[in-house]
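Below, subunit A partners subunit B and then partners subunit C, in two separate complexes.
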Partner chain A sequence: MRDSKLLKIALLIVLVIGVQELTTVTDTQYYLTQLTMSAYYALLVIGLAVVMGYAGQISLGHAGFFAIGGYLSAALTTHNLVALQANPVIHGLGSLGMLVSGQDIYGEQLLVVAPWAACIFAVLMAAIIALVIGIPVLKLKGHYLAMATLGFGIIIYRIGLATEYFGEADGISEVPGFTLLPAIGSFGPISVSGDFGLRVENYYVAWGLLVIGLWLLLNLIDSRVGRALRAIHGSEEAAEAVGIDTAGFKLKVFVLSAVYAAFAGVFLTHYNGGIGPSEASVMKSVRYVALVAVGGMANVWGTLIMGVGLTFLSLRGVFGSYDDAVFGAILIVVMLFAPDGILSMNVKALFAGRRTTDEHEAKNA
Partner chain B sequence: MLFLPVFFFDYSSSVSILCPLFSIMTQALFFQYLFAGISYGVIYAIVAIGFNIIYNTTGIINFAQGEFVMLGGMISISLLHFFPLPVAIVLAVVITMLVGAMIEIVFIRWLDSPSVLRMIIITIGLSILIREVALHIWGESIRSLPYFVGNELTTVAFGPVRISPQVFWVVGVCGITVVGLSLFFKLTSVGREMRACSANRTAAILCGINTRNMVTLSFMLSAGIGALAGCVMSPITYTQYDSGTSLAIKGFTVAILGGLGNSMGAVAAGILLGIIEAYSVAFVPLAFQDAISITILLIILFVKPHGIFGSSDAARLKEF
Partner chain C sequence: MLKVRNLDAGYGKLRVLKNISLHVDKGEIVTMIGANGAGKTTLLSAIIGLVRAGSGEIVFRNQDCTKKAARWIVAAGCVLVPEGRQVFATMSVEENLILGGYVLQKAEGKRAVDKELGHQYELFPVLRERSRQLAGTLSGGEQQMLAMGRALMSRPRLVMMDEPSTGLAPLVVRDIFRVIARLRDEGSTVLLVEQNARAALAIADRGYVLETGKIIVQGPAEDLLANQDVQRAYLGREKIE
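Right after this comes the complex of A and B.
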């Protein structure tokens, strides 16, 4: 079991390296941009897969957590704090090395929060908000849970759209790169940014993050926590009866997935150099749910494959102006014909299932 | 969603309302807000009743409910090129009912006791598909039906209070719909069969009621009244391909607030939410309009999920 998991991850790493080499050989390195973005979206989606598939809780608000991460990081690293320099809080942050000063293109002095500090703050905020929202929300079930999380997502969207600090309808642009490692000798700096020359590094950063995230989740699923979650999904009452702290586990997984979403938001925002309100829109949240559904709910690998694949196609513009419609259709088709995901679909069983259903009906009638 | 204008009656006076006069809320202004709130409120109530009809017969919340309202408005606007207004509206309602029936037959009828999660995702998918189809047919432009009587400047004056006649149309049509529906459910045999189906599905089957047809009928009914609401509100709120989403959320808020499945509760809750929203304009920026109803929804869900008019004992028996 453990070996097969490591083997699969090793295979994934080989594949990631192979794809990069392939783009170099075939001179199609422009694909790396979308592959990088897909990896970040996939990070969010695998987190959501654990909430939906294992804990059995639907969330229509995960774009909200993505946006919290992205927006906070973008706002903190772009808004000039020079005017507030005298403020003791700002001064304290400065002496802790959390601020970077520089000059903007007009030569004015610029003082902003360092990306790493902004990242930590943004992810922490997402976790705290997930915790505060999660305590009441996760008590709800079914339709109520769906609507409550949808409502949360819309509120975040509205805040982004209506707050000057977050750039209103324009969003925030010119977000600086996020330097993960400074230059050491001949080994250049590793920075998350849209810089053309850093495309290959960024590809590895994104996929590295995704592989680490995946590995952590797979370990979680195989642990006591994972078994508890599956028990909750099977029957919450039964899980409670055998002494599982259902509310606690659901909340922990919800917060964990919010952290994943926030990390994805932070990194993708630095990579794109900006974020707009559409990242927080309901359609994005629905799209993430669609990716989890098509990947097979309680199937992190399936979700990963579908998440990367479909997001890549969507980002390449394959679906054209039918982009949203394609995801809507995917939701319906998957839920109608293959509620366990495309990858675990068994055509024979589907028809056999129909027949027994009819017999069942006949008996009932 | 962004373009939903809050002030629709009497633009000449709405200019003065929009000026920063909020601190002095005159008596006339108070009533202007009140009537604005009521007319929005009854529309929310109609959407909520649409939710209730389907919920009662199937236990499903149809997330595509707002799209029926949008479809009603859009189809009637298109038909207006060929038919007079009343005919266009009737045809739009009938076409939307057929769409509702088709959706139920194609996507829902043959599923064997699907899980709630599955139904939520399917109806969300349907709402996206309907919206995208509408986008490709009608584009992104904002449309509206003409005012049924007069134009946007016509008002009926009650002393200092001026009200658009369309407000009376909205309230009147919605009122007749609610009364008509309750009579239908109480007096006709089909209505009784539908109620039997919601009370106990197995027992209804044993009594020889074709429950599957009742479900199709409930989709048709809720699509029809949604479309009717979409037609009467179109002159004042305008219709756009994506105007269904925010309506669906408000309708759901109202349905919960009034107690899921309780139509009279929905009317009261709808008017309440409409009035709260209308007065909130004085205190909250326009961009946060939707956020108000969502906040109310979240509070209700956390504090009293069976609604202010619903009973907690009944709620415990329902499947969520």
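Right after this comes the complex of A and C.
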């Protein structure tokens, strides 16, 4: 079990390096841009997979958590605080090293929150909001989380669209890069930004984060916690009868997945150099749910593969203006013909019609 | 061991249990018999904390646990083998057992769980044979044994069993009841809820008869077996003569 997990991770790393080398050899490095973005979306989606597949809850608000991460870090790292310099709070932040000053393109003095501080704040906010939504909702049995998060997602979308601070319909642009490591000799700097010169580095940063996130989740699933989560999914009442704090676990996993989403939002926003309200839209949340379903619900690897693959195709524009429709259709097809995910679909049974669903029911019976 | 005083409980506005009082002493098998819908399962759910008590008092080992959550009560040493077995179907037999030791692992660590796992395999050899098999693929009797083993993994002081004989072949039922009697002989305390009144009273020390949420008769098991009302209603003996 453990060895196969390490082997799979190693294979993934080899594949990631191989793909990068391949794009260099074939001079198709422009693919790296979408692969980088896909990795960030996949980070969100694998977090959601644990909520859906293991805790058995559906969240229709993960685009909201993504947007909280993206918008907060974008706003904090772009809005000029020079006018507020005298404010004791701002002054305090400055003396803690949480602010950076510079000059904008017109030579005006600029004082903004440092990306790392903005990142911590944004992720923390997402976690707190997830907690506030989750505490009352996850005590109830059933799919109340889906409804609550649907409402939450719409609220976040509207806030982005209506608040001047968040750029209204234009969103926020000119978000600076996020320097993870300063230059050490000839190595580095490593900075998350859309700079073409840093395309390869950014590809590795994104995939590195994804692999770390994946590694943490897989370890969680194999632990006592993961066993408890699977028990909750199997039979909530029986899980409670053996002493598992079902509401507590569901809450923790939900908050964890919100943190994953917020991290993805922070990094992708720095990479893209901006964020707009479409990132917070409900259709995005539906898309994430579809990706988890395609991947096979309680299958982090399947979700990873499907999440990266389909997001990559979508970002390359393969689906054209039918983008959202494609993801909606995928969700329907998966539910009808491959409830265990595309990777475990029986292709023959697809043509034989209803048998797959019958088999699924038989298996669950 | 367990004392329930004037307990009222139910779902929403529906009062299922009305003014229930009972007690279970250390080392006893106490059985609660009654027809479908009498409130037997609700009573166990209220004791374990899955259903909140409306009023009244539940005291387990001198600790008040009326408003406590299930995990607290399980940790205190009272465990439920739920009705319909409710094994975790998509997990292996061994994983089911390890989950049963969830509170034990929290309190005493992994080694205690491994040791207890050995005990359960001794008590239910069939589970050892099938340890890698998915619990959903076991037969009904094996699932019942797994559910019992899972409950015993937490080294409980009091085991509550909700209709362990449901849906099982008569021979298997006999095996299950033999195990229950053995648990008592090894020092456990059992609260057994059953529709199969004759089998339950045969191994129990004392019994209660529950009817529409109220306890109507109680006493030593032999007395209940001899009680004419109980015989007529629950032991299937029509009074023709």
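Going forward, the second predicted complex is superposed on the first by the 341 of 365 C-alpha atoms of A that agree within 3 Å, B and C clash if a C-alpha of one lies under 4 Å from a C-alpha of the other, contacts with A are read in each partner's own complex, and residues count from 1 in each chain.
Here is the rule we go by: a residue touches a chain if its C-beta (ideal position, glycine included) is under 8 Å from a C-beta of that chain, and two chains touch if they have at least 3 such contacts.
Computed from a prediction, not measured in an experiment: that's the story for all the values here.
Contact with subunit C, but none with subunit B, is seen for A:G234 once the two complexes are overlaid on the shared chain. By the touch criterion defined above, A:L84 lies against neither subunit B nor subunit C after alignment on the C-alpha atoms of chain A.
In the superposed model, A:I58 makes contact with subunit B only, not with subunit C.
Looking at the shared chain after the overlay, A:R224 reaches subunit C, while subunit B stays out of its contact range. Residue contacts after overlaying the shared chain place A:G243 against subunit C, while subunit B stays out of touching range.
Once chain A of one complex is fitted onto chain A of the other, the partner contacts of A:H143 are limited to subunit B, with no touch recorded for subunit C. A count of residues in subunit A touched by subunit B and by subunit C gives the higher number to B.
Residues 364 of subunit A contact both subunit B in one complex and subunit C in the other. Only residues 224, 227-228, 230-231, 234-235, 237-245, 364 of subunit A touch subunit C when the two sit together in their complex. Touching subunit A in their complex are the following residues of subunit B: 61, 63, 107, 111-112, 115-118, 120-122, 124-129, 131-133, 136, 205, 245, 249, 252, 256, 285, 287-288, 290-291, 294-295, 297-298, 301-302, 305, 319-320. Subunit A makes touch with subunit B in their complex at residues 56, 58, 60, 136-137, 139-144, 146-148, 150-152, 154-155, 158-159, 161-162, 282-283, 286, 289-290, 293, 321-322, 324-325, 327-332, 335-336, 339, 357, 360-361, 364-365. Taken in their complex, subunit C has these residues touching subunit A: 48, 50, 69-71, 74-75, 79-80, 82, 86-91, 95, 98-100, 102-103, 105, 150-151, 153-154.
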